[in-house]
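So, here come the structures, one by one.
The following pair of complexes shares a single chain, subunit A, combined with subunit B in the former and subunit C in the latter.
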Partner chain A sequence: MADSALPENLRYLIEEFNRSGLRELHIRRGDFELLLSHTDHAPSAPAASRRPASPSPQQAPQAQAPAAPPPAEQIADGLPEGTVAVVAPNLGTFYRSPKPGAAPYVEVGQRVEQGAELCLIEVMKLFTTVRSEVSGTVEAVLVEDTAMVEAGQALFAVRAD
Partner chain B sequence: MIEIIPETGSTNADLLARLAAGEEIAENYWLVTDTQTSGRGRQGRPWLSEPGNFFGSTCISLQASDPPPASLSFVIALAAYEALVPIMDRPDRLQLKWPNDVLMSGAKLAGILLEGRGRNIVIGIGVNLVSAPKIADRDIASIAGTGSRPDRDVFAHSLADSFRNEVAAWRDTGLEPLFKRWLSVAHPVGSPLAVHATDGSRIFGRFVGLAEDGALLLEDGDGGVHTLHAGDVMLGRN
Partner chain C sequence: MAIKRLFVANRGEIALRVVKAAQALNIETVVAVSDADWESAAAKMADRAVVLGPASAAKSYLDPRLVVHAARESGCDGLHPGYGFLSERAILPRLCEDHGIAFVGPRPDVIEALGDKLQARAMASAAGVPLVPGSENIASGADARREGDRIGYPVLLKAAAGGGGRGMVIANNGDEAEAGFQRASAEAEAAFGDGTMFMERFVPEARHVEVQLMGDGQGKVLHFGERDCSVQRRYQKLIEEAPCAAMSDELRAKLHKSAIDLAASVNYRNAGTAEFLFDVQRQEFYFIEVNARIQVEHPVSEMISSFDLVQEQIRIAGGAGLSVGQDDVVLSGHAIECRINAEDAARDFAPSPGRITRWDAPTGEGIRLDSHMAEGAMIPPFYDSMVGKLIAHGKDRAEAIDRLVGAIDDFVIEGVPTTLGLQRAIATHPDFVANTIHTRWLEQVVLPQFGKDAA
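Up next is the complex of A and B:
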């Protein structure tokens, strides 16, 4: 299929996948399944956020930033039947509201239009707005406010119209 | 190209609105304003926009081969550092703080905020050229406080040039040389730091370097190393 024939959201997801350094991304829900892979190996667990040993301070970073792939079960499990997952575009901190103390972008039960702002993801002072890819109703918020999320992790379940 | 307007709410908000309306914003374009009425920083904090200081935003359109976009935090910080060195009497007082704060003698001289919309990253920066806003519990500095009085427009062109060169290097040579140069002008390895994490917790330790993706590596008193991707970093708070 030519790139131009791909749905915009899928093309964007592929570009983000290529840029992310992930080896594999596997989304499975109901009859829908998507596997993006640079390898034949199965996905591995995400990297721990705390390491027991000190690295060498002089250790040179790599040119690219390989990140652990998101486990497929994060997306496949925990979603109400028939809902669409809104996933994190990258690793980072999940914010339900635009600033501390402000009302959340959306609440469970709220109707949203395609493109509506749902949350922010922050990594190293880059704030990325996550938007709904469908019009529908927010059925579940799957992550606690200010929690760390992995790239591809399901954040919201939205029941499309 | 640098477009200068007398006043706006926020240069970042302006560029985001133009992207939302379907406009394509060319790289190397900067929107600079004399003053902002709703300047903002991390987590919605207001950025006080006093006349004479620099406030501007630019945009990067991500390409498939680009390094991870969060590393642009280091790119813009280095560009700001390079643009500031020639206009300071004592450039040795400049220091970068993870990931993209610019300090002068430990006080905040510039603030940077990156906002992503699809394939576009809007990058806003405020630099205290002539005055330091008074903010409770924050040490704020301005270049004018050292006796210099830099010209805003000269600085704007210098920053645009530095950023264009840094982006080209980021695309051509990747993260390793970028991080090496950032480390050479940032708080030294071994510096005591306190990080106020986004969940409200505080982590104390010493800086031991950057992870492969630029995350802050902080070694606590027990020898454990924390990999932090967000949070407010305070120097010398052990």
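Up next is the complex of A and C:
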């Protein structure tokens, strides 16, 4: 890649990397070396998106530092074994139904196809639909309806087919 | 109503600085972080950290709706924007107002008016603040000569529709003004479809000075002295000091009055900075712009005034008004700040993110360090590369320089290259010590030599 094009390419790479679900990307090319990582530690540490959520908004802030990131195995403990987490793309309010009073998009035990709508995340009246990335069965809903969720927080556990 | 829980809508050292100021006032804090910052020092120190979105600033720190949503949902009744990011976007205080959150900064209409260069100039002019002598639109070479003669050479010809340095010409006399007009006007016509030009006095060796202001929003404005930020690279400040030692007391009093007049004319609320170009030869200053936020270099003003500006910001936003009068602001000694960036001087100061493997920070009399870094801390590649600000205070400029250089020598940072070496070269340079520098001095005098002596 030409030097002059590098910043734009880098931005693109970072965006793509963030979208991809990859944990790490390491590129070496001549003098140029790039390590993109969601792990804030040495390679193969736990992914940031699997970190524990902070206290829910109903709780008052607590005068204590957040816990250190738990190791990968422990994070997986939050999810039923063998399931994949569907995570919030950004901070917002979690809605299980398309509108107040309507039935939830999905219930525990329900089968979903890849791309199926699972919930809404609202930011100032702007709603983002979160979809399942796999076909499978919803094993758990991990967040209370209308709670604030943070980016990367696990919302559903889905057992892939 | 005093703020009870403050949302910190920023990152890095300023987020930590705001958390500490809030804690000193017994105010709870919630820090907004991106996915790349959830282990930051501010996040650890705050009562709570919430993850807004991915590392990309556009999807986290730069999204005003996301930020205010997070502030509201985490039960905050105040929001501090820090500097950069959304700090001077009027939409942020507007959304805060809509949701009953006290914004720690100016009113949105004032941010908007001051953010528009032409409006800001008009406001300054109306308040009697000196502007760079300049012309109306110029339509011919003869006009250019006449205006140049009136303003005084050298002058800078600029395209009315221009920007980014295109269509700009410096003229040292009438002949150059005429010829320069023909050339620059044709260039502007080709580039912007409009050959209209205007002219300003050009100050080849100017200093950058600025006045720290704090207003109560009711027309009362205090100043906390001026800063001199003439050590710049590509318009980025590297070293800032207070006071401006190159300015006479008489001119200094005029400068402070101008800044206060401007801010008072818009009932300025909270912290702000009026920036001026200082023509040392002519002993004149001209208004540049107002920065409607707390600035990176606010610590030097705190060091000479023994006043916590961020705490005052939070108190004012909580409706407390100014806690002191102008007579209570007593300035003493001299303070110098250097910004330490994770940049590689050998590669044209390319940002060099990475992990800090060693961090031995200096301490000592008159030394202050504002930093979010520590051993093992990560500098993510998504944001600016500043790792801290080292500030030295002394009874006079010479003592402040001595202490700064001593602190730089004691500072050990490993894992990423930093600008500490450059800062040392500046602080020990005879021109800097003699205080004969200007805004292009670093680029013209220091940088061409820097690195070559060591090699």
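The rule is simple: the second predicted complex is superposed on the first by the 85 of 161 C-alpha atoms of A that agree within 3 Å, B and C clash if a C-alpha of one lies under 4 Å from a C-alpha of the other, contacts with A are read in each partner's own complex, and residues count from 1 in each chain.
By definition in this document, contacts are C-beta pairs under 8 Å (C-beta built on N, C-alpha and C of every residue); 3 or more make two chains touch, one makes a residue touch a chain.
Predicted model, so just to flag it, every value in this text is computed and none were measured.
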Superposition-derived comparison: subunit B or subunit C, residues of subunit A touched: B
Subunit B versus subunit C as contact partner of A:Phe127, first or second or both or neither: first
Which superposed partner A:Met148 touches (first subunit B, second subunit C, both, neither): both
Which superposed partner A:Pro98 touches (first subunit B, second subunit C, both, neither): first
Residues of subunit A at both interfaces, subunit B in one complex, subunit C in the other: 15, 18, 49, 51, 54-55, 57, 60-63, 65-66, 89-93, 122-124, 126, 148
Residue numbers on subunit A that touch subunit B, as the complex places them: 12, 15, 18-21, 47, 49-67, 89-93, 95, 98-100, 102, 122-129, 146-148
Subunit A-facing residues of subunit C, complex: 5, 28-30, 34-36, 38-39, 43-56, 59-60, 63, 65-66, 68-70, 73-75, 95, 378, 381-382
Subunit C-facing residues of subunit A, complex: 14-15, 18, 38, 40, 48-49, 51, 54-55, 57, 60-63, 65-66, 69, 89-93, 122-124, 126, 148, 150-153
Subunit B residues within the subunit A interface of the complex: 42-45, 62, 64-73, 99-100, 112-119, 121, 173-176, 179-180, 189-190, 198-200, 208-215, 217, 219, 223-227, 229-230
